[in-house]
Every structure is written in C-alpha cells, then in structure tokens.
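What follows is a pair of complexes built around subunit A, which joins subunit B in one and subunit C in the other.
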Partner chain A sequence: MTFHMNRRSFLAAGTAALIVPSILRAQESEITIGSLTPNTGGGAPFGPNITASHKRVVDAVNAAGGILGRQVRLYQENSETNPETAVRAADKLINVNGVCAIVGTFSSSVTLGVMPKCQAANVVQMCTSSSSDIPVSDEKGLVFNFQPLSPIWGRAIGELVKARGLESFGLMALNNDFTRSMMDGFIEVVGQEALVNEPFYYNAQQSSYRSEVTQLIEKNPQAVFVPSYITDFTAVYKELYRQGYEGTVITTSLSTGQQFKDAIGDAADGIVHGFPVPAINSPAYKEYLKEAGLEETNSVQHPFGTAGRDQLTTLLLAIEKAGSTAGSDIAKAVWEVTTGEGKTTVYNLAEGLAALREGKEINYSGASGSIEFDEEGMVLGRDFQLSEIRDGEDVVIERLEY
Partner chain B sequence: MSAYLVSMATYAGFFMILALALNLQWGLTGMVNFGIAGFYALGAYTSGLLSAKAGWPLGLSIPMAIAAGFAAGGLVALLSMRLREDFLAIVTLGVGEVIRLIVLNEDQITEGPRGLRIEAQPFQSLVEPENYPLFYLCFVAVFVAITYWICERIRKAPMGRTLRAIREDDVVAGVLGKNVFRHRVQIFAIGGGFMGLAGALYAHYTQNISPEVFMPTVAMFIWMSVIVGGAGNNRGLLIGAGTVIMFLEGTRFIGDILPWLDAEIMSSVRIITIGLLLIVTLRLRPRGLLPEPKFSYTKR
Partner chain C sequence: MNLQIFVNALVNAALIAPPAMAFSLLFGVLKFPNFAIGGYITIGAFAAYTFNVPLGLPLPLATIGAMAVTGFVVWLAHVWVFKPMQAQSAVTLLVVSIALTLILESVVRLFFSADVRGFDIPLERPWKFWGARITKEQVQIIACAVVLGTGLHVLLRHTRIGRAMRAVADNPMLAAIRGVDAAKITALTTILCGAIFGLTGVFAGLDLVIEPLVGWNLTIPIFAAAILGGIGSPYGAILGALLLGLAEELTILVLPSTYKIAVGFVIIAIFLLVRPQGLFGTAEIKK
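Entry: the complex of A and B
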C-alpha cells in the first residue's frame, strides 16, 4: 500500500501534531484534578450540579492565583453512572491527565469500581456514595465520603416517622446497595414488630409493579416505606394510587423531585420524604446559593451540588496544607483542615487559604454540612429533614440537626 | 500516557475475544446473539466467585468460566433450536437479562448490587506491581491469539464452509446432508465459551465487578465491533474492536482540547460524536473495514 499525502491529510496531520503536545504539556506545571460525575444515566438528575460546583471552585481559585503558586486544571469526565465506563474514564484521568484526586463519583458501584485503580496509583477519592463497603475496601485510607452512609438515612427517617406516631409499616425497596442498607437502618429503629410484611426488593426498569405493590399493601399497614430512585418510584407510586392505598407513603427525597411531581400532579400530595440536607443556617450554604445563582427557599435544593463545592474546597485546602500533590499527603491533610476542635472555622476556599497562609490551623465548615470525618473518611453528622408534599410543594415537617 | 494506552489495549483485548466469539455465531453461522453481556457476566462471576469465595486457584477458576460459558451457550442453542434470526435474538436478549438479574438478586452468593471484590490476579506474585498492567496486556494478548487461531481454523476448515452454507440457507445445507442442528449447537457453545473466557479475564483485571457492568450496552459495543470490522472476517474484527475502543475513548479528549465546553454538554457531544463516527465509517465502508473475502474455488 502506498501512502500519498495530499493537502487535506497534511492539514489534518498538522492539526493533530499541534494538539497532542498541548495535552501532554498541560500537565507539567498545573495541579490536575479529575471530576468523574454522572452526567448521563441513572445519576443524570444530580451529576450536572456536582460538575458545575467543581468548576466554580476551580475557576475562583485560579482567578486568585492558584494553589502552591500553580494553576489548577480540572478534567471533567462523565461516569455515565456505569462502573464499566467509569473505570476507563478513571484510567484516562490517572494515566493521561495525571490527576492527584478523583472527585464527584456518585453511585456506590462507580466509586467501588474505580477504587482499585485509584488505590494502585495513590489517588485520593472524594464521593457522595452510601455503600458500607466503601470504608472496608479503602485499604490505603484515600477515600472521603461526603454523604452519610445509607443505614444512617434509614435510621433518621425511622426516627422522624416514629415521632409522627406511625406504628405499622409495609416495606419494599429497589434492589441496590443504597436502598437496601437504608431499609436495614429503618428496621433497626422502628423494630421488626412494627412490620406487617416481610421486607422485599424489586428490580429497576420493570414494566409493571402491580404484584409488588399488591404484596406491599396486602395487610393494610398505616404507612409504607419505599426507598427508591425517581424513575422506579414514579411507577410504584402510580400503582399504589391505582390500588387505592390510603396510608402514608414514605420515601427518600431523591425520588420526589420536580420530575416526579410533574408526572404525578395532585396525587403526590401527602407523600412524606426524608433526606440529609445542607446546613441551611450555615454561612457556607448561603454563599453556595449565591455562587450557584439560586434563590433561598425552604425546600431541598441541590444537595449534591453543595457536596461538590465542599469536595473541591476540602481538596484544595488539603493540597495547600500538605504542600504536596501526593495522594497520601493530601489524605492526611484532609483531616487536618476539616476535623478537630479549637481551630479557625472557615466557610470558603479564599478564607481557608488566607488563614493557612497566615500559619493558622483551620477547620472547614461546608455548604453540605460541617464536614467532619471519622477515622474511616466517612462524613459525620448531616442535618436530616422530613418533608411532606402539600399542593405540589415540599413542606418541612421535621428536622434533625447535628 | 503509555499506561493509559496499555489499559485501553487490554480493554480492546476483551472486546476482541467477544467479537471473535460473536463472529463465530453470527458472522459465520448467522445466529443472532444479543445476550453477549450475559455470557460475559457468567464468565466473570464464575471465575470471580470461585477464586474470591471458594479460594480456587486461577488455573482452575478461569477454565471453569470457559466451561460455564460453553455449557450455557450449548443449552441456549438447544432450547431455542427451532428459533432463528429475530426469535433467537429475543431469546438471547432475554437470557442475558436473566443472568444479570440472577446475579443481582442472588446476593447471598454473588454479593448482588454491592459488587464482588476479587483480589486474585494471574501470576500476581511473579510480576512487579509496576510492570503488572503490561504483563496483563500480554496475558490477554495470548488468549486473543489463541481465540483468533481457533476461529480461523474453524473458518478455513470444511466446517467453516458448512457454517457459511447454514448462514446463507439452512434448508439447502440440511438437504445436502449437513447436520444443521448439531453445528448450530456446537458453534453457540464454543462462542459461549470464549465469552466466558473474556468475562474471567475482565473480572481479574478490574478486580471489582457488579451487575451494572453487564448491561446490554456491552452487547451493543461488540455488535458495533463486528459490524465496523466486517462480519465474517476475523482479522477485520480485531481492527473493528480496536476501532470501537478508539471511538469510545478517543472522544474523551474532545473535552481536554475544548476545556471551555460545559461538562454536561461535553458528555452529550461525546456520545453524539461516537454515533457520528460509526455512521461515517459504515457510510464509507458499508461491509466493514475488512469485508469477508468472497469464497473462491480456484484459489487455494
């Protein structure tokens, strides 16, 4: 085969030759960070919020001169909420972009899927996942979770609904790790004797939930608790409505977003839903709303966006504190800038950097919560809120504050 | 960069084995298999569970994965012996989903949605950790070569002629005294065995598998590989699998070149680009990059 170079292929090759070194060159002086968020797939309602938060923090720090005198470059990849794709994306972030941390993973299977690669490459992970396997698999102590593990959700929702005087429950959950562990936490609080049925799991993307719902409400419990995601809960709730269930329906606020309310309309009134919420009285949360251009309302807003802001702020503060981009140094510094008493409390990156540069010890308190980690890197204490849908709006009925 | 290329080449290796297997079933024999992800999962979980939970050495668990894929392939072909084309497609799609749902729901065995962590990797203790990815690439390459060699032997052998005859018109092949049914079952089983092998290699590579990995999209990628590479041509498939990985992964760099693009838009742009690249490829090479050579009686 002869190779003939004409004008077009010459131009194409020339362009490629110009672009490739710019990709490689970019790594030398910049601090590179990978953002791996669910922009499509099951996590798509939440990913873009996280992504936008990450970008805002990086843009702000670069405008203010960067970290350790270096600019910060954020590489954003889409995990497609699928561990198979996410592993390859993580591979690119680690081996091509040379990132020191991968932040923003959302579903547990993605966080766990990319973990072997991150551990091998000494890369810090920051996630909002809920599987209790995460601390177990994290052998090198490089993983920080910005969301309470799901048994804690279950216990909190259990406490709140018990306080409302509900006594008998029917239980079923979507079959994934997040919802299953939540159900376990819920049962722990309300007690086995309060259950009228044997709790069971259903699969996502079924065309009908008729038999599952029939089984759930067979013994006519006062309330049913259905930990789920928005797509399957919409179908489950329609079926509950069709079968004329009159008790209280309890779920997570993840399942009852605007998309759900649009699909269900008036029939959504009376649903009770719970969720770990941002610390709405914290100055960091108010700053977040301003940064994101959001109005202050009383309902649950972009909980994962606040976590995204806190992930990147914590990471950059830790890099500044550690004076290094090596994963294990950063991980050690994450505790130093977030956890512990008697330090200067800071609410954003600029304050934190200024305090660090004055030689002060700091404790970052974030928009999603106060950001304190236990020894396994799991976030401690997030406010928890129970709301009821009334006239298509979320009305806060109970709140647990930490 | 080189570490990244090594791991993408490893992924291409998994795709190549799957594509070669699909080519045996569909490219050569005309049996549609949309359940690739199921056989892939079966191999991954067989070897993963045997090594992680039962403590079997990989020298036994990987062959068991091949055996499981082989048996499942043979069984599906037996059960659907009277089905062809679109009906077989539906059955195989169903089988793939059934396997995934079993893995998802039988969590006492498979860990279900939590995902299975697999520590064991082949020849782990003999290779330095920093050289391991390259070693694993070579390990996979050996299996690709073996699979390729077997597939080529089948294609060139008299059996290959029979298979092509079945693909073109099974009634004629039957009338000529060929045992159509036996050939179909054999080929489906062999293809299933290769898919099981690919699954096992994948499981020990990523060391963490969960049911979400084995969604039907995996099957679509393999179909793309076969169609882009050129159905019926084993060499074309190797190129096809490489090309699909290149499309899937190369498009990630759009974001690095255009950093001002919003990440959310970028995700969609990337997926659109993959689709466009596939359409353009097929528009320019409708029979694939390397089409199946026309069979000739005069040429040896």
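Entry: the complex of A and C
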C-alpha cells in the first residue's frame, strides 16, 4: 500500500506533533520509573542491593515484553543517603525523565525530603523508611512503605531482649524522629519501671559524647539501649567501652554494619542488635536468593535488596492492574494486587502478570515479607531478628516471626 | 560521677586547646578568623588513617606523616587562596575560609566516601580511680596537649622565630622595618599551625570517628575556646578550652543533653557582648 502525503496533511501532522509535549511522547513509548537509592553514605551497605533488585525486575519484564505493551525504563540516581542530594535527583527524575514512581528511598529524611515534589507531581513513592511522619505527610495516599515504622522496631527489640532475661535498662537515643519513636516503642514493652534513668536524647555531630555516656551508665544498668545511626553510635560505643561499661549494649542493626565492625575491631563483641528481616522460609525469598546468585544459608541476606525486588514487582503489577501510569491510579491498584484474602497468591512478577492477564485477582507475597498494606500504605508485620556480634560476626540469637 | 565530670572536661580541653592555640596564632598573623580549620582537621584525620590503615604504618609514625601533610595543605591554602586575597576584608576572608572547609571536606568525601573509619589500634578499657575512669589513650592526649602548650610557650617567648611571630602579629610594618621577613614568618606560622591541626585530626579520629565531618564538628568548640580566652592569645585559648569543657559537662546536669551543642554558641555570644577581647586578649584600639 502506498501512502501519499500532501502539503495539507503534512502540515497538520507536523502541527499535531509540536502540540504534544515531548515528555508526553517519551511516556507514550516507555514507562519511566525512578530508582533513588542510598548507594553511598549511611545507607551504603544496603543501597547497591536495592538498585540491583530494581534492575533485575525491570530487565526480566522487558525481556518478557514489558507492561501494557510498553517497555519499562529505569532511571537510577544515588541519594547519597542525603536529603539535599535526593531532592535534586528527584527534581531531575520527575521533570526531565517524567517518572511515574520513585522507588528505593531508604532513610526517612530522604523519603520525607522528596515527598512534596512527588505529591505535587502525582508520583508514587515506595520506600523502606521508618519515621512515623511518613503516613502523616502523605496527604494524597501515594506512599507505600516496605518497612515497619520505628515504634514497631522498638517494640520488637523490647520483646526480644526481655525474652533474654534482661531487666534493667539505661536509655538514650539520637535526637531524631526515627530513633525517638523507637525508644517510645521499647519503653512500652519493657515498662517504665525497668528503666534506671530518665531516657534522654543526644545530637549527632557533637564534639564529644563523654558526658552523655557518663550519665547513661551512672546507675550501672544491666543493659543500655541506644537507637542511633552508625556515625554517632560508633563514637558513643567507643566511649561506653572506654568508660568501662560491661553490661549489654543494644542498638539497631543499621548501626553495626561492616564499617562499624572494622572501625571498632574486637571490642565490638557482645553488642546485641536487631532489625526487621525477610521471612527466610518464604518461597519468594528463596527465589530472590537464586535471582541474586546467593547460596541458601539459614541467616538473612540482603535485608533491603529483598524489599527492592518487592517494590518494583508491586509497582509493575499495580500498573498492569490499573492499566494506567497516573500516580493515583497506580496507588489504588497497589492495594488490589498486594492486600486482602481469597485471592491467588503470586511470588514473582511473571506469575502475577500471567494471573492478572487471565483476569484473576492476585495477592503478591514478597521476598521481604508477605506485603500487606494498612490503609495508610504502611506494610503490616515483618519478621524481626536479634543478633549478637561474636568474633566480629553477626550471630542470630532470636527471631520474631509474624 | 562528680570527679568523672572533671576528667571528661579535662579530656575535652586537651582535644580543643591545641587547635584553639593554633587558631589564635593564625588569627594573630593573618588577621581573620580562619574557619577552614574544620577542613584542615579532617585532612589530618584522613592522612593519618591512610598512613596507618592502608599503608600499615604504626600510629606514631602515621601521626608525624599526618602533621606533615596537614602543614603542607595549610601552607598551600595560604599561598593559593588567602595570600592572593589578603587585601580583602576579614569578613570576605572568613567566608572564603568557610568555602575552603567545604571544598576540603568534599575532596575527602570524593576519595574516601562518607563511611566511618577507625585507626588500627584496639580500644582499651579504662583505669579506675576514686570512682572516675580514664584510658591510657586519653592520658596520652592530655600529655601531648601539655607538651604542645609548653613547647609553644617556649617557642613564642624564648626563640628568635617566636619573637618574630609575635612581632609580625603585633605590627607587620614595624616588624618589616626591623628586618623581619614577614612573608617567611607567616609561611612558618601556617605550617606550624597546620601540623597542630593535623595532630588534632589524629586525636579526633581516636576519640570520635574518622569521617568527613569530624573537623567541622570541632570547629565551634575551638572557635568558642579561642574567643573565650581572647582571640589572638594562645595562652588564653588553653584556659578557654578548659572552661568550655567544664561548661559543656556541667550543662547536662541542669539541661537536657540536646542543648549541649549550643553551649559554645552561648559563650561566644556572651563574650562578644560583654568582653569582646576575651579573658586574655587586649582591647583593640580603634583610631
């Protein structure tokens, strides 16, 4: 068939092409998604795993023909675990790349920092952050958190240390929302009467933590609980050791990664730390290990990489379900593909897409947990694990399963 | 508890006093408050880390290396940045020095990332006496500060170079007329102060953690100690550091710990209002 274009139709087509904004044309051809992960800075031990998970899911779906008949394009940015860098990156992702979702933000300050821009542009956010401010600030219902909020961390760590027979505690926390509300959750479980001091807060970036530590161990509690980040905890722990404290030091596993162990050496032995972990017996976790090329062990690997897989899988299933890349449509579909009973359980994207295309209702059960969201988009229930550092290695001592 | 407060204050002072002296000395010669000290201290900490951990030198040698590197960096900063701008006002130079500290930190972050690090020496348990605790490392830091303070005193009071430094600080033109080579003395002062900042970097790395902001975190206490003692007076800086350390420790007996960080600022504000020349400084005569 020959196609004739006269001067009039040529002008009409040209004008139409100019009217449609270029970004919109890019979106017609590809679904664009922003991956904003902490590849350096405080989240550096976890960021690269999250990035790799995002990329694997996208590569797999593109190889299988894409979503809604369109290819998926992932734009990767490093948040440096720093809200200022993250906001600049989010600006670029939204305004230049025209993404429909920003996934993978890790620290609460980053998730909250980019939230106003995402809300204004109707962009879905998927994160692993713990601040109780997240559901409050999410006015449009576009944010989905793949990690429990910090009061849940505090309660779980409290339960686990109580089970170890510890009875008297000294408490101090870094002065931010994540750690403050974790401390509140902890107190709820262990009880006010178990505390030997009035809990107090310290600021990050102090020139010394001597007086705080002196105050914390003054009444010689059996254990001290210090919700913190790695930089301040390293300095605080050095001071605890130097002031001769011999009780149990409890903190979050975020503070005790390899960098901490390298900086502290043998003196790190005996620290007890906890955080939410994937359900290591779930089928999706086992699939994740294969995808990431890991051997099956009985301990948790890639606690945040698993969440990265779940974020992108959930997002793409929701886009398929919604038949749209508009933020509010995707958000509504996220609940439909993850939450609720009586649906077909799926453990990966391919299974989910096949079931959706057959017209079935699905419930995605992920590698980081069963992925059920409450009405605010916060994940319900994750397994929780307490470890102890022995000979420079983390040894699992207890696990809470939901 | 009570004795521990004094031990804590003493260790804080030993950490702050040497750089506060160096800050004062630099101010005397260059006539502007150099906020790049944060960057210099960070350079010192990371230089010592590089010598100690990747290159495997023992810490005393790494410390000497760090002092040499930082001395060189501070001299270079003087020659490349501050000397060409010396005709500018003190406020301009202050802003430039803040920019310089950010640049130095960023360079460190570029090569070392923001990860936390530590020297290759084991943490030690404390000695206990009358209910207070102190570690061998802390005693060494205090001893170093005392030796450094005495050394600076001898240098400034009893040597030709020291007299020349004081002469340049008092009146550069008169010093030049009397045959003092002000440029050479200024260069020597920057190298000496740089070495002290390098040493502070090592102490800070031992006491806190080695990370790009380690120097910046010490800047306000150092500045406060120098103002308290009388900016431009190295001896005042020692007393300033002791009083600041004590004020910070005593604060947490009456106020929540989160306010401790403000103590330095409050001291700066009070002294600038009540006695701008500090405890030991001489009031500037405005003509």
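Going forward, the second predicted complex is superposed on the first by the 368 of 402 C-alpha atoms of A that agree within 3 Å, B and C clash if a C-alpha of one lies under 4 Å from a C-alpha of the other, contacts with A are read in each partner's own complex, and residues count from 1 in each chain.
In this text, a contact is a pair of C-beta atoms (placed from the backbone, for glycine too) under 8 Å apart; a residue touches a chain by one contact, two chains touch by 3 or more.
Predicted, not measured: the structure shown is a model, and the values here were computed from it.
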Clash or fit: subunit B and subunit C on subunit A?
clash
Between subunit B (first) and subunit C (second), which, if any, makes contact with A:337: first, second, both or neither?
neither
A:124 contacts which: subunit B (first), subunit C (second), both, neither?
neither
After superposition on the shared chain, which partner residues are touched by A:322: those of subunit B (first), subunit C (second), both, or neither?
neither
Contacts of A:40 with subunit B and subunit C, given as first, second, both or neither:
both
May I ask you to decide whether A:176 touches subunit B, subunit C, both, or neither, giving the answer as first, second, both or neither?
first
Just subunit B (first), just subunit C (second), both, or neither: which does A:48 touch?
first
What is the contact status of A:87 with respect to subunit B (first) and subunit C (second): first, second, both, or neither?
first
Contact-wise, after the overlay, does A:238 reach subunit B, subunit C, both or neither (first, second, both, neither)?
second
Quick one: is A:157 in contact with subunit B, with subunit C, with both, or with neither? Answer first, second, both or neither.
neither
Against subunit B, colliding segment of subunit C, chosen among 91-99, 127-135, 199-207 or 235-243
91-99
Which parts of subunit A are touched by subunit B and by subunit C alike?
40, 80, 175, 201, 203
Residues on subunit A engaged by subunit B in the complex (per definition of touch):
19, 22-24, 26, 35, 37, 39-40, 47-48, 51-52, 55, 73, 75-78, 80, 82-84, 87-89, 91-92, 94-97, 107-109, 112-113, 115-116, 120, 131, 133, 137, 175-177, 180, 201, 203
Across the complex, what residues on subunit C touch subunit A?
1, 4-5, 8, 11-12, 15-16, 113-118, 122-126, 128, 133, 135, 137-138, 207-211, 213, 216-218, 220-221, 248-249, 252, 256-258, 260-261
As the complex stands, subunit B meets subunit A at residues 1-4, 7-8, 11, 101, 104-105, 112-115, 117, 129, 206-208, 210, 212-213, 215, 217-218, 248-249, 252-253, 255-257, 259, 263-264, 266-268, 270-271
Can you name the residues of subunit A that touch subunit C in the complex?
40-42, 44, 80-81, 172, 175, 200-203, 205-212, 214-215, 218, 230-231, 234-235, 238, 241-244, 259-260, 262-267
